[in-house]
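Naming follows writing order (A, B, C and D), and every chain is counted from residue 1.
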Amino acid sequence: MAELRIGLIGAGGMGRAHVERIENELAGGRISAVADLNVDAARTVAEPLGARVFTSGRELIESDDVDAVLIATFGKVHKPDVIRCIEAGKYVLCEKPLATTIADCEAILAAEQKMGKKLVTVGFMRRFDAGYQQMKQVLKAGEHGYATLVHNRHRNPSVPENYTSRNAIDDTAIHEIDTMRWLLDEEITSVRVDRPRLTSNRYEHLVDPIVLVMYTESGVRIDDEVNVNIDFGYSIECELVMEKGTARLGDQEQIFIRDRAGNRNAICSSHIDRFHAAFNREVGQWINAVKADRHTGSTAWDGYAATVVVEAALESASKAAETGGGPLVDVQMIDKPELYK
Amino acid sequence: MAELRIGLIGAGGMGRAHVERIENELAGGRISAVADLNVDAARTVAEPLGARVFTSGRELIESDDVDAVLIATFGKVHKPDVIRCIEAGKYVLCEKPLATTIADCEAILAAEQKMGKKLVTVGFMRRFDAGYQQMKQVLKAGEHGYATLVHNRHRNPSVPENYTSRNAIDDTAIHEIDTMRWLLDEEITSVRVDRPRLTSNRYEHLVDPIVLVMYTESGVRIDDEVNVNIDFGYSIECELVMEKGTARLGDQEQIFIRDRAGNRNAICSSHIDRFHAAFNREVGQWINAVKADRHTGSTAWDGYAATVVVEAALESASKAAETGGGPLVDVQMIDKPELYK
Amino acid sequence: MAELRIGLIGAGGMGRAHVERIENELAGGRISAVADLNVDAARTVAEPLGARVFTSGRELIESDDVDAVLIATFGKVHKPDVIRCIEAGKYVLCEKPLATTIADCEAILAAEQKMGKKLVTVGFMRRFDAGYQQMKQVLKAGEHGYATLVHNRHRNPSVPENYTSRNAIDDTAIHEIDTMRWLLDEEITSVRVDRPRLTSNRYEHLVDPIVLVMYTESGVRIDDEVNVNIDFGYSIECELVMEKGTARLGDQEQIFIRDRAGNRNAICSSHIDRFHAAFNREVGQWINAVKADRHTGSTAWDGYAATVVVEAALESASKAAETGGGPLVDVQMIDKPELYK
Amino acid sequence: MAELRIGLIGAGGMGRAHVERIENELAGGRISAVADLNVDAARTVAEPLGARVFTSGRELIESDDVDAVLIATFGKVHKPDVIRCIEAGKYVLCEKPLATTIADCEAILAAEQKMGKKLVTVGFMRRFDAGYQQMKQVLKAGEHGYATLVHNRHRNPSVPENYTSRNAIDDTAIHEIDTMRWLLDEEITSVRVDRPRLTSNRYEHLVDPIVLVMYTESGVRIDDEVNVNIDFGYSIECELVMEKGTARLGDQEQIFIRDRAGNRNAICSSHIDRFHAAFNREVGQWINAVKADRHTGSTAWDGYAATVVVEAALESASKAAETGGGPLVDVQMIDKPELYK
């Protein structure tokens, strides 16, 4: 296969960012088709590339011009297109979340098992970040023993008014949920949402900040401070605590300035800047893998597992006291199917 | 008063460290008397200084040669000597904890109120650390809004076999308990002890690491990772999260080395090194304050409050599940007496 | 043009690294031909790609299958192939140095002026490094005033026995020479080579470390410590000193480890790791520019200017006293031709 | 000796800072006498302490109430008082510089040799800074080999109009001159003053910044950027380059702030803040040493050597071209007398 012909479903911001990288930065693939309910949006993206335009994901998936599919629509509408891709035997890179309900995720798992082949990759791009990868290497090297705790911080300067308390978990913390499962190579078995003093810097309907506390099968305790109106730039930190040392992710690729404001390094202002290289690695490796008929990245199981943890966290949050937060809620997953072991 | 004549009760390691600083580093005071049940230990300290030797705290406190008292015995035996100092109208710097039971603390509070004068200073030296003081200044300056969370780490390379799970709270975490009350200028109202995966690097009887999660009156959420067998040096970190920024305490006064092991700065190996300057500031200011008939540092109330929080944390720990830890326990304090407002 | 067909001259390590990125990481181009005096080496690279094999650069350059040329042979043999590319009207990305003598560089400048079009890009990849680019942005923003000094460090763990004292200047320091011209947007007008105490950690024939001190047209003083047997990893540092602040390049994309060895971040072990992203950006932008018939990156003039500074530095080094080094030598350049203004 | 009775000559800012630390922070000494040409200034300092007032250093030195002397007058008038102290057999802590001419320093050396006892300590307090001491320890430990280079930065936010180009060397760089001699335990044998682009941020009469380049007996190359109008706080950096690693002094005792301005730590605004602990250690150790009839700190030879290097640097600066600076000037010292070996 000379070049992988990729069909894009969803011509919004995230979709266009993927087009940009596939066309101008990465080897091996090109956009051959674009589908969006908003045909004008699809056309704007498709025309300069000479790509075909479809008004439904279904047609695009079935098209002979499409070798593999990239889904960048809203999470709520992922399920049918993902299942169609599976049934058509086409690899699909689906932006996170895989789906927004446990039932939808289970339907996808069932479809994929029926096909007997892993075709779904969920767009958890942090697994491709150099920093997290180094951290995982340090843990695997074993020199510092096993993990006992992990501390995460997920801070944004601000969020728009339509961002909800639910989003703090299903849209924001979901990144740490997946990354922790991958980093530790274990399932999360319980989760609790703690509630600190709320910032006055938020829209009133929003519970912000919150802290998720999670435990894994072996007992590793993970916390995740989600703090999305903290005024300063997009700031992701992670400290992995092992028996004999810790590994910490700092602010990367930034120079240090020394002036009246102190001895400082800049902080990225958005996840686009912070994870640009990780997105490129994710999509680049996916293109190369698909051309070699291999699966890469997060599986449908990973998408399912993240959703189950999100549901448990939402349950804890819904029962939270004003001070102190919610109860520890068990995470109940189905047995892991053979296909994903 | 030319030089403050200080009587030392307890000629162990901590007592001798105080003697060293009072005699050789700090202005304004000298050791005029030493008491220890072990008379040889008392004599070894006293003789080179020409100080008197006593076999009981009582005699030392009553001695005319003693203007003020420094207690460096075990916490369990503090109460009677502290109360005698109060009744004798002598200022006393008592090493932490003030006492090991709430009842003992309350007895001290009662004695002090009866005298109507704050005479007791509890040896919480972190309040005198330049880093914590800068952090408090940043919070008070208000530029970043109020506090919403605080993250603490208290890590030791190792602890001896006689260190118990209880000590992780009443001897180790007690430092963060006091420092947080002082930093935030609020009482702690509830506490929970979380239990991560335990390190294999510990004596089997010890639950290590643990995480204390505490809430204050205004809802600030504080966590404190107590991790006392982590192989690397004595390492204290604190990150204060405010509405619009954070302030963090790093490793101080250390040079950076760049070699095969990386680009690194050394970590202190003991609290003696890390807080040498803070200890000196604490004792130095106490000497100057006493000479001016003023109280300085932590009060008996602070000693009481820390003990109440410790008790609540111990209760949570005692009910802890193997994974996930214990319940959130309310901290019940008596009303704060006039004297300490 | 669908895909840029690139001819590679020189199938050694650097050439193969470029093949790897063009084929597997970057959009828009492919290797259509490979030439090497060592035909087996050329064949090994070419065959898996279905690329043609040539035994001379001349034939490859003239081939209709080649739209643009990438030269990765030794500097000494660059000149004829670069001039042939110019005469054939084909864009060429030539690894640094452009040529090893001033005369050769001038011949290339003359050929390019005769064509009246900038076709030559010299492989100074640091201009594409995110850190240096941020530094240049800070300087241009003007908030901190103009530059007064720049401090550079270029440290390698070790070099092989065939690396000469000359190479410390014409192979190693040449990177800082180009980067400083680009960063400050000024020519270097004089240079001196200082000689510190030599490390015992070197082959005896090598003068190591050395320090280049350079001045620009406006008087900015640049120093460059070249220290190529320092045992620890490939370490590039640059501090730009402006009137009201400094900007500094640190170790990038590395996590922090905290253990017995200290609180540290790893140091890259090779320029391949350190500048992987910069190499990709350089070649990726070149492919896109060539397809749009535009020049990008360092020009032949930049290649010439670096060589002239190198020659002046070599003259200073050749006259160096054992302690203190050589004289300040003027850098004499021809007038800058219209084409490069 | 119960308490060392110290006579202070010079009741200006530096003198009063020493009084403050001796009276309120340090053990073992007190101010028993104060002399200043400005009697009112002397009286203001002396009276609250019950110290005697003198109008001349001579009377103070001869007074029976004075065990040891602290000189904090201007460098130009140090010589006669230092020699009187020597002749009176009294230890003297003389603020830097020891004297402002080589001849004056030699006269002091001669007087001290005649007495056959080291009585003079020069106030080079950086030797007592924890960071420099750690650096010296790392070098002595030998694990990274010997030193090859040292890079220093001495930056001030601004200097007053009466600060001269000469002061950049004899008042500012003199600190690095002494510290480097002590750190490397070698004499400096040659020095050159380089002249970068001048900042527009200065009074016009001042040459700022400058760079001193010095070589030691074994060939170690030292540079020192003196940059005294750089707008941001008092900032001292030192990087010691050894054969197999480097050690670097950063900004110490400061917390990290993370907000809109970046991830930063504060920079001290004055040498008083930066070296408060070093000053205390210097004076504290001097008091203890004098009471034990021992010399401590920098000797008169160290004061002489620094002055000789300063003179050579001034000669280089006086011959400096507008771009590129001055010649390498040999540092000519007399043979080191037995007393100082």
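The rule is short, and it goes like this: a contact is a pair of C-beta atoms (placed from the backbone, for glycine too) under 8 Å apart; a residue touches a chain by one contact, two chains touch by 3 or more.
From a predicted model like this one, the values you see are computed outputs, not experimental measurements.
Chains making contact with chain A as well as with chain B: C, D.
Of all residue numbers used at the contact between chain B and chain C, over half are used by both chains, marking a mostly same-residue interface.
Chain centres here are Cα means. That of chain B falls 57 Å from that of chain C.
Note: centroid distance chain A to chain C, computed from Cα atoms, is 38 Å. Among the residues of chain A, those in touch with two or more other chains are 231-232, 244-246, 250, 257-260, 265-266. Across the complex, chain C meets chain A through its residues 22-28, 130-131, 134-135, 138, 144, 244-250, 252-260, 265-266, 277, 284, 288. Taken in their complex, chain C has these residues touching chain D: 145-149, 151, 189-190, 192, 194-201, 209, 211, 213, 215-216, 218-221, 223, 225, 227, 229-232, 241, 243-246, 322-324, 328. Of all residues in chain C, those touching chain B in their complex are 231-233, 235, 250-251, 257-267.
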